[in-house]
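Labels run A, B, C and D following the written order; every chain starts at residue 1.
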Amino acid sequence: MSIFEQHESNVRSYSRRWPVVFSRATGSRLHTEDGRSWLDFFAGAGSLNYGHNNPVLKRALLDYIGNDGVTHALDMFTTARHDLLETLVEVVLQPRGLDHKVIFPGPGGANAVEAALKLARTITGRSEVVHFTNSFHGATLGALAVTGNPAHRRSAGVPLTGATPVPFDGQEGQSRPEYLARLLANPGSGLDRPAAVIVETVQAEGGVNVASTEWLRALADLCRQHEVLLIVDDIQAGCGRTGPFFSFEDAGIVPDMICLSKSIGGYGLPLALTLVRPELDVWRPGAHSGTFRGVNPAFVTATAALSAYWRDDALEKSTRARGEWIANALQDIVRPHAGLGLPTRGRGLVHGLVVGEGVADQVADEAFTRGLLVETAGPRDEVVKLLPPLTASDAELAEGLAILEQSLRAVAERTA
Amino acid sequence: MSIFEQHESNVRSYSRRWPVVFSRATGSRLHTEDGRSWLDFFAGAGSLNYGHNNPVLKRALLDYIGNDGVTHALDMFTTARHDLLETLVEVVLQPRGLDHKVIFPGPGGANAVEAALKLARTITGRSEVVHFTNSFHGATLGALAVTGNPAHRRSAGVPLTGATPVPFDGQEGQSRPEYLARLLANPGSGLDRPAAVIVETVQAEGGVNVASTEWLRALADLCRQHEVLLIVDDIQAGCGRTGPFFSFEDAGIVPDMICLSKSIGGYGLPLALTLVRPELDVWRPGAHSGTFRGVNPAFVTATAALSAYWRDDALEKSTRARGEWIANALQDIVRPHAGLGLPTRGRGLVHGLVVGEGVADQVADEAFTRGLLVETAGPRDEVVKLLPPLTASDAELAEGLAILEQSLRAVAERTA
Amino acid sequence: MSIFEQHESNVRSYSRRWPVVFSRATGSRLHTEDGRSWLDFFAGAGSLNYGHNNPVLKRALLDYIGNDGVTHALDMFTTARHDLLETLVEVVLQPRGLDHKVIFPGPGGANAVEAALKLARTITGRSEVVHFTNSFHGATLGALAVTGNPAHRRSAGVPLTGATPVPFDGQEGQSRPEYLARLLANPGSGLDRPAAVIVETVQAEGGVNVASTEWLRALADLCRQHEVLLIVDDIQAGCGRTGPFFSFEDAGIVPDMICLSKSIGGYGLPLALTLVRPELDVWRPGAHSGTFRGVNPAFVTATAALSAYWRDDALEKSTRARGEWIANALQDIVRPHAGLGLPTRGRGLVHGLVVGEGVADQVADEAFTRGLLVETAGPRDEVVKLLPPLTASDAELAEGLAILEQSLRAVAERTA
Amino acid sequence: MSIFEQHESNVRSYSRRWPVVFSRATGSRLHTEDGRSWLDFFAGAGSLNYGHNNPVLKRALLDYIGNDGVTHALDMFTTARHDLLETLVEVVLQPRGLDHKVIFPGPGGANAVEAALKLARTITGRSEVVHFTNSFHGATLGALAVTGNPAHRRSAGVPLTGATPVPFDGQEGQSRPEYLARLLANPGSGLDRPAAVIVETVQAEGGVNVASTEWLRALADLCRQHEVLLIVDDIQAGCGRTGPFFSFEDAGIVPDMICLSKSIGGYGLPLALTLVRPELDVWRPGAHSGTFRGVNPAFVTATAALSAYWRDDALEKSTRARGEWIANALQDIVRPHAGLGLPTRGRGLVHGLVVGEGVADQVADEAFTRGLLVETAGPRDEVVKLLPPLTASDAELAEGLAILEQSLRAVAERTA
């Protein structure tokens, strides 16, 4: 590992928690060269909803590369882009009554957010954007301004402007988006009328905070009433993570813009999309650009993933059902520690176990020694976050939960 | 094509110039399904220095994917990351006497720039960054602020702050970085001492403007004298585009930070690196993050490309020699139009033919009908930009130049 | 009046409500040349707490000017400056246990606020400032950013940055500064730790919103706990307007900085002061400047006013007592309109009658025709604001209240 | 003096250079209580063009106050305001063919600048403002952003945005506003099209840098050509300081906006005006406000000064003639020190003697011990700045120059 220590920047992070060198990956497992393997309840921070190197997608990808399909093409027309658009419309958008236009904003989630913010400001001629406490939207300067995470904000090196935080559902003592409603209604509030509100329906990085459908509906109503654009950042919670393809479907709302990335490419290759209602598609040609807007291999795996998993509702139903099962299992896991009053929360296959600052790190470390990768989340890293592949088997889910239970018990005993 | 017209955002750009659907690509050529092909003097805006689907890299990529190598891994340790770091140090950094640390800032060039700017501001505690007229550094908010291109700036939707433009070598009537020198020397200039200066040695998007080695050295001296960090954005001009691996090698300067992307991945897959002098590597773990910092297939192709092309100086020599040949050929091409006084300029295998606003578009369109893809550049799109793969054969270069000559002649005759 | 209409900018405001040309002023009355006069319950927006051309101050002023006392002296030492400092310390600061240093920030209240904000940011190295909904702190760019009034904010012509609004006492459904407390306590709130909180204890422009002493104490505690500076803008509520010299005295808090202007000069001449705790007085000589920091005639009237009115507690007691009387009188005035549920509020001699948008303007207009000047306030100009000179006689107060009662009745009858 | 040292903020500045307590002032002299007096070649930083306590103005002021003329009136109509407007139009604007509207922006110069910037941005919908190296426009946040002085900029405590500095006439190696011309002409320059250019025709604080009439005309042409508003900050150079009432008259240009303050009030009382071409007067009533927009005693002295000094061209001619005399006298003063190559420069009665950093302070100190107040200026305080009252007698001018000559000689001898 000395090559990493000597030559990689100090900024590296996950490799400190999991100091082994992975070489191969299949399904729900990562393997090292010496034959050890870990069950992965992290799933590329939500980028691997279909597991590592999913064989269906892998087949499509190998065929495409083997046949010299176009790899890199900026925003030129390609067969792979055509097929992705067609499949996205047919499998995802039309069945949900959405007629959004598709922007290819660049390779990562931050690009999807930056494009949405730029476009929202251009459309409205306003500069302010409302975001939520404990939000995370990316590390580029525009996305960072609407992010709550303090370590990331500080690393900007400049004051972050054009963004005002308001309480997420249930945070800062607020229910309903009442506080925002009052700010918007009061002309003297000091909040300039915003271009947009950007929201994650489940704040995964922020600690697996789940917005209720009522809250989301009220938020959407509020935006409509004040002619403020509603941007749903579905980068981590979308692509089926909570059950339905879009995390906001149960709320019955139609966002003005939707940001997708992480699992939209299916295979872990960089891809991001910004969906925008057609009447808001006001950019002139070339107004937003970027070199990696045409990662065609990711188009291919994205198309294969949509075709394989979203032409029927099997995955959605499975995720919902197993989500309930995990929610119950987590209750069982915390029950012996009832004195500690540990909350659990989640939707579909994203769940959080709130064990406290410092403790969550210990639980994750214990899990690692027992063969499970789990991340921590929340403003104080106080939450153990479970993010298994949607394609994990029931046995794998059970195995991961068992390790989690042991890890929590080990930490509890040590600190008792 | 109706799927694109109906469902893709109006912001799409290159597909308007080249309204065909490409399906396959090999070496210096792009192919459509109906069997037509185009010689590619655009090369993914500099991302395909080794040609489309380079067979050496393709083999490595297929093997890696076929063997279930890790695809997505954030900044976890992987074998592919190890090999890339090792090869980069051995083949690129050490031979050039560089001991920079490697930041994996995210998948695209804008990420490399955003990371450099954030880090420079954090290190110095200053907010201002100096950039150059006609610069292009990316479309995310931080990178956009140091970009000159007006269409991109406008699309931000908010005032861009923290950046001051000064004249690039030979622009705005200035030679030597004299103007910047005076601003820095005058405490009453109104330019707050900047955190950094960010520069492209060849402004490819800005119109193929080439900084002289003297100017670069004077700029580096100036930065050192005023304790301002020097960031070279080598995203388009690096990776051998001008001959040597880094475009600044002939100037003999050592930038504090170097941004790489585009061809560093070799195969057109998203990858970006920010190199930083070790004493400036001050970020805490996790201070900068992003989901697609570990695109391992791109690590594999990057490693293969470095090994195949940079263990000796054959490619560098070839690029230098052919660069001179193209420079002469362009002189021959413009000679019949001497009355128009058309400048040509370039270094290595990036060249520009300055034909004027509107005219450059016509030349590019004529070239397309004749089987050649060339882009336009410059603040008024007044330059035809040649960016062939470094691996193009001499015959391909000659073919492309012949088409260019015909295209220019056709436009000249039409407008005569 | 045509000279005004032809040559003065359209931005003029009060002259539209009161379209007469005043020539002389005495005590609580303004007079026109043709002999008409108006009772003034506006008092220069709080600048004339001691009435128009108060004879005690007038005598001192005429003597000073007659004897060629220094008029203009930037921040040079003068006898008048000496006397003001001595009197301020002896009469105001020392008796209240305050050891603040005195900054002469420029001639107006906005200067006092700008100086406080600049200094707070310099001291802390932070950029963000928290202000309150419905705040008003001035029309220069720094002061405007912490102002809630929407018409003023819009006129900036640029996005206002570095400021976050939170709910004032009782506003936006919040009591106690609970919301701010939560934002500060949550590291992921998205609110960067602020340099300062700036607050008016009574938001006069904002609609005569009165902060409770409990709220102010909790706010001061919160600031201390998070090492955030507390700035009290006492420009309109200070100088005895609410009873005690400083409006925050009853709350028993000690602000880090205090902004004074309006009535501190006593006679309506421009003067402003920023008081700062001695350990925070970190500016180097000359770091903040301005031409009119030494308006010596205003020093003279300020000194005379402090000597005449603040060496004992007579004025304070009178203001408190008459404040209660007015509060009761306003209750009597609204009682006949009980169906409308009109709130009244205030402290000392600043009171508001909340009659609603549009209605307040009508009441003020009716009052004008009956010989009384009263202004409207609040984000929708929904409040009739009473701000009589502290030196108004009981008879004048009664007269003004009677006109107000008639005016309200007239409007009520007309709209009934 | 202990009262100052104990209770006034460390930020005080002029009192350090001149550590005596002034009590009275007449004409060109300031007096202390113990009977000493100083000849004043500082004149309130240009606020006392008509001398201290000018008897004509004093008479008008005493009468006005004695008769209970309105003192404070925000922007209400008053007789004094009427008379000032009428006189300004009749004596100043109409004779010069100007039809600008008058904004009363607040009591000081920074208010005039803030109002101009806010209005320019509102009119154009653009945020960027171009200013010049070594400029000084005020200490409030908006004015500070267009100021070059580094100590003042630093004291903001936040990055200053929305402003780009370009070289003043003859500075940074530039003649003609060629550099700005090129930035504006190049769409890729990175300078967003500005709302306005703000310029001082003589940078007094910046070191008595004098723009040529040719440069000013070229600048005005450039602004017109690019539809950028031209704001002349005539706060220090206006009101006859350079000879004509406005400093730009000789250049024959018509600025879109003109900022006046300092000597416009005549007597050293705070007053500022922003003049704006009528078609640009787009603000809604009340869009810009401030408590001290109606300092009626200053209206009275302003009216008296305009009437006394600007109904004929005697003062203008005198200032021009004596300016040439001083220019020659300064040449005589520096001649004995020819080896040092000391430049002198100026127009009318503002002159600078460039003696170098540190030396200028010594010369000013020597002058003080000899009975003369002179200030230093320039980004390094390297210039001795002469700013006598326009009403100084020839004998006083000669006396001041003699002291200056002695002071320079004393410093030269000491350092030889």
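Here are some notes:
Convention: contacts are C-beta pairs under 8 Å (C-beta built on N, C-alpha and C of every residue); 3 or more make two chains touch, one makes a residue touch a chain.
On a predicted model such as this, the values are computed, not experimentally measured, just so you know.
Two chain pairs, B-C and C-D, are weighed by contacting C-beta pairs, with C-D ahead. Each chain's centre was taken as the mean of its CA atoms, and the one lying most distant from chain A is D. Between chain B and chain D, the centres computed from C-alpha atoms are 49 Å apart. Chain centres here are Cα means. That of chain C falls 30 Å from that of chain D.
Centroids of chain B and chain C (each the mean of its C-alpha atoms) stand 57 Å apart. Among the residues of chain B, those in touch with two or more other chains are 127, 158-159, 161-162. For chain D in complex with chain A, the residues that touch the partner chain are 158-159.
Residue ranges on chain A touching chain B, taken from their complex, read 1, 3-4, 7-16, 18-26, 30, 33, 44-48, 52-53, 58, 61-62, 65-79, 81-82, 85-86, 88-89, 101-104, 106-111, 114, 117-122, 125, 127, 138-143, 145, 151-152, 154-159, 161-162, 195, 235, 261-262, 267-270, 276, 281-292, 295, 297.
The touching residues of chain A, counted against chain C in their complex, run 127-128, 131-135, 146-150, 153, 159-165, 167, 171-174, 178-179, 182-183, 186-192, 206-207, 378-380.
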